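Let me begin by presenting the structure, written as structure tokens, before commenting on it.
For reference, chains read A, B, C and D in written order, and residue numbers begin at 1 within each chain.
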Amino acid sequence: MSPGSPLARIPVRVEQRPAAAATGTIGGGVAAILTEIATLLERLAATGESAAIDLRSLPMSPSDRERLTQALGRGEIDIVLHADGDSSIRETGVQGVWWTEYRDCDGEVLAAFIEITRVPEILIVPVGELTRGAVQLREMARTAAAPQGESTRVTI
Amino acid sequence: MSTPAAELRASLAPEESAMESEQRLAGAMRGFAREVGALSALRLESCIHCGICAEACHFYVATEDPKYTPILKVEPFKQVFKREASAFAPIYRWLGLKRDISVAELEEWQHLLYESCNMCGRCSLICPMGIDVAALIEQARRGMFEAGLAPKELYEKAARQQRTGQPEETAEPYREKLLAIGRQFGVSIPLDAPQADVMLTVSRTDIEQYPKAVASLARVMAHLEVPCTFRSDGLIAENYGYYAGARDWQRDISRRLIDQAIACQAKVLIVPECGHAYSVLRWQAAELYGAPLPFEVRHITEYIAEALDGGRLKLRPADAGATAFHDPCMLVRKSGVMEAPRKIMRALGIVPNEMTHHVGFDYCCGGGGGVVDIERAAKLRYRAMENKLREIDDTMARTFLTSCSDCRRTFDDAKRHFDWEKTPQSLLELVADHLQEQAR
Amino acid sequence: MSRSDPQPTIGELLDRNGVSRRAFVKYCTAMASVLALPPLAGRAMAEQLRAARRPSVIYLSFQECTGCLESLTRSFAPTIESLLFNVISLDYDDTLMAAAGQQAEEARAQAMKANYGKYLLVVDGSVPTGEGGVYDCAAGRSALDILTDCARGAAAIVCVGTCSSFGGIPFANPNPTGARAVSDIIRDKPIVNVSGCPPIAEVITGTLLQYVTLGRVPELDAHLRPTVFFGNSIHDRCYRRPFYDRGQFAKSFDDEGARSGWCLYELGCKGPTTYNACATVKWNGGVSFPIESGHPCLGCAEPDFWDGGSFYSPIPTPRWGKAGEVRPAQAAELAVGAAVAGAVIGAGSVLLAGRRTRHLQGPEQDSHEKKEE
Amino acid sequence: MDLVNFARGPALKAAFIFFFLGVAWRLINVLLLMHRRDLSEPRRSMASSLLGGLKAIGSRSWPHPEFIPRTGAGEALGYSYHIGLFLVILFFAPHVAFFGSFVGLHWPTLPNSVTTIISVITFTLLLAVLFRRVTHRVLRRLSNFDDYFSWFVVTLVIVTGLMATAHVGGPYPTVLGLHILSFDLLLVWFPLGKLMHAFYLFPTRAIDGYLLTRRGAPS
């Protein structure tokens, strides 16, 4: 948009949300979430029970969310899930706390969670899949022995 | 023990007890209906039942019995108004939402309107809505009178006064008594002068009980050298028609005085030390008469205060000691005679020890509104006035003054009943005793 | 399009179509999030769904603008849309289906016959009942006729959009076609209303998914709407709510308040009386919703929203019946008129009171004089 | 929304008309009743009597000092809930939108937290007022249906209003509808019962204040 265009004459102002006070201190909402995560971690350690916090259900301003990600930090594991779009599962700076974002093919976030678990369950392959994989491999071994034109693409 | 019905009959005049229920009801309706007007309607409509008026009424304060709540005393009047003349009256009647008043109710209210109300007007001052409750009570009494429920003491006095000019039959007519008082106290009594600037009237109570007050009036007037006269045919200032609630009789009684004042071309009619007589003549007579009065009505204390102001009168200091003054309700709250008695007291060198409640807010003596005349009311009246007596005692006054013969009579009665040590004295008498002869 | 029994399970279909387990869990987890279920419920939902069989769906369009279907087709990304069609078997939709005319009608008849008592009927649009229903006909039959016919064998009916749910815009005053909501016509079937003009795509798909997962109609509110989506008012979940509570309101669309993102209540926002998921699910894949874009909520998910007065007058604004909103001059006129009428009646009552009191007073004569005689 | 639309639509219109009709009816009835001219000689001039009437409007708002020990608490209770009612009625944002649309004006509002607190206090005071009416010997003796029903109607508006604010007792539109309906009921009841004192208050104070001042009596 060139400065002379009529659009430029429309006054535009970036909306500042009330919660986004630039004080630099951690807002009450962020502190509450951190406390909740700590409680859930303690429970995981004691009983082995996993939990997750749906970020959609938390009314957070973008700056709050920014503070939360900064507080949790980055960990050692980054997983990308290629299933109908690239979803990310990242360990945060706190082990056992994962930041999960499911995205669609356009990269739009479908759902975002903080998971408190040893390993995010979506990564664990169930028994049915294992046996199915075994069947597939045996089939491949059998067909590999026979002459073959083109390879079969396998979706996992 | 007599039954309430028998007691009620005994409290009524023979003409009244002879009335049938229907006559009573019709009478009450007639009386109330006559009192319905814009002003009474506004007052009746405004009440929010806050109950605050009870706190102003010495009958309630003394007994804490809610039936003595002032506004409750006009309930039958209110009921008739709502049912007959209020905005929704036709609907109320059609749907039967407001009951008709009953004879039983009227009979019950006789006690509330006559025996437990001095019409002192204290409730009118406390009402947060600004309702003149006392004015409504006066109107309600008029309905009760038409219902034949005025106590016999008031009814008979009113009837006689209307007929003869004297509330009571006396062996010697008041005219003669008046002249006798003049002889007794050595003052000349100007009587039946064909023409005088000032017409004087006399209180029946003074004639009967306090002759010195009558003589004092004559003495003060003589001292002032104003052409004045009593009139044989318009002598008595009191108006029992007002007390009884007999509107027409009240008018006739007032008219007697008005006619006499006109006859002698008086410019001023002086009411002696009597509260209700003043209030009736000053504020109600013209309306009942149907025209403005062609003369001024003045209370004797007002007249004296005016003379003091004009320098026509000088008083010697009175050796009264600590003094308390009782403001008669009918003079202050109903009539605005607030400053005159104090001006007079100042002239006498008296600085009164005021009671807790004084001037416009003082408690009634308990005798006003004709209550002191009603035999049945005595017990309750004594109870109600105890507080007043305490307030007077609390002033530590030696001298106790007032400017109303009815109040004076009530306090004298209390003196007997309670063995009370104070004697109520007349301010007028004190003035008469301290006239300063002027150098001429 | 119809299948013969026994139908394969959804899981089998997914495998057959090459949709991975993780993709499906991901989808279900996202759905669970939309449905405000606990985050870990997505996995259980995925398991349940995989085991379920696809219900046959017949989608009827009546007096409508196709906005609802437009919204529905924008649900998530195309892949997910295909997922949706793996979850249900859309056997009839005259807008979407390739077949037309006789062929289409036959497909519907066949699906109804094969799945009698089990198929899900989705209705979009109100049903005109005026003049025998002539205002909406397809294949020579009125909408009313088609609806009653299709409803007979339905397991449940899902009304998509405010028109089928509550009558919507066709139902608005003066309702020339005699439009009715489906629930006004069909009374013996479970009905789920997914209102909105249009409904949020995810709310439509979510409701269908919920139905398939549960195998029955979900929990509904008084207007038969699924409480998971319609349980809260826009106002309750609105990010501008703090401004409302503080009494900070935009007074016009170009004032400081509007620019500062203050509450739009005084500009007519119907958020407080509107129950929908706009403030949480939002639109276009969670990009925004009307209030976030600076416009008050119109209340489109509520019955009679079109007749509820101006979109730009606050909720408590008085409305004089069907005539519209009260204007000060009109209110004054009405008040004065009523007061004048009252004054006339009052004057009449005074006359009556006067007659009454005169009557009670009897002939004008001094009462005491009578007594004295 | 059906209930809200009914409450703020036909019901409100009917109540609005009834209110003005009824109020005018009652006021005119009082106004046109016979009035006798006061023929007595006034003690004070017309001007100062009129001034006395005006003064009484203000001065009767609070008891004369002589009466305060006996009546102060009762009057304070009465005034405090009236003040609470006026604050909430006039300064709660949705109320401003409502009343403002009648007169085409808008005025500043109070934050919701403030109006909510005031409403709760006012409601508590109303409960105290009822308790007092039931237990105080004079009030109990004086009270009739009008007193209790007027209390009920006013309290109903407050309670439904608080319910709408607090989101209890049903979906917000239903409770809002009930709130507006209860206000409609208040409008209808207004000219029928003691709520009319709002219109009588100043005239009565002024007229009796005028008459007393005319006599030179305290008012």
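The definition used in the following text is that contacts are C-beta pairs under 8 Å (C-beta built on N, C-alpha and C of every residue); 3 or more make two chains touch, one makes a residue touch a chain.
All values derive from a computational prediction rather than experimental measurement.
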Which of B-C and B-D has more C-beta pairs touching across its chains: B-D
Distance between the centres, which are taken as Cα means, of subunit C and subunit B, whole angstrom: 76
Whole-Å gap separating subunit B and subunit D, where each centre is the average of the chain's CA atoms: 37
Subunit C and subunit D, separation of their C-alpha mean positions in angstrom: 40
Separation of subunit A from subunit D, taking each centre as the mean of its C-alpha atoms, in whole Å: 60
For subunit C, residues that touch 2 or more chains besides their own: 346, 349, 353
Junction residues of subunit B, two or more chains touched: 36, 85-88
Multi-chain contact residues (two or more partners), subunit D: 25-26, 28-29, 31-34
Touch-based graph of the chains, sorted into line, ring, star, complete or other: other
Listing of all chain pairs that touch each other, if any do: A-C, B-C, B-D, C-D
Complex interface listing, subunit B residues touching subunit C: 15, 26-27, 29-30, 32-34, 36, 84-90, 146, 159, 162-163, 246, 248-249
Residues on subunit D engaged by subunit B in the complex (per definition of touch): 25-26, 28-41, 43, 56-57, 60-61, 63-64, 66-67, 70-71, 74-75, 78, 136-144, 146-147, 192, 194, 196-197, 200-201, 203-209, 211-212, 215-219
Subunit D-touching residues of subunit C, taken from the complex the two chains share: 221-222, 233, 235-236, 244-247, 249, 251, 265-266, 272-273, 275, 299, 302-305, 307-308, 313-322, 325-328, 331, 334-343, 345-347, 349-350, 353-354
Parts of subunit D lying in touch with subunit C, wherever the complex brings them together: 1-2, 4-5, 8-10, 12-13, 16-29, 31-34, 93-95, 97-98, 101-104, 106, 109-113, 167, 171-173, 176, 180
Of subunit A, residues touching subunit C in the complex: 11, 13, 15-18, 50-54, 56-57, 59, 81, 83-85, 87, 102, 104-106, 108-111, 113, 115, 121-122, 126, 129, 155-156
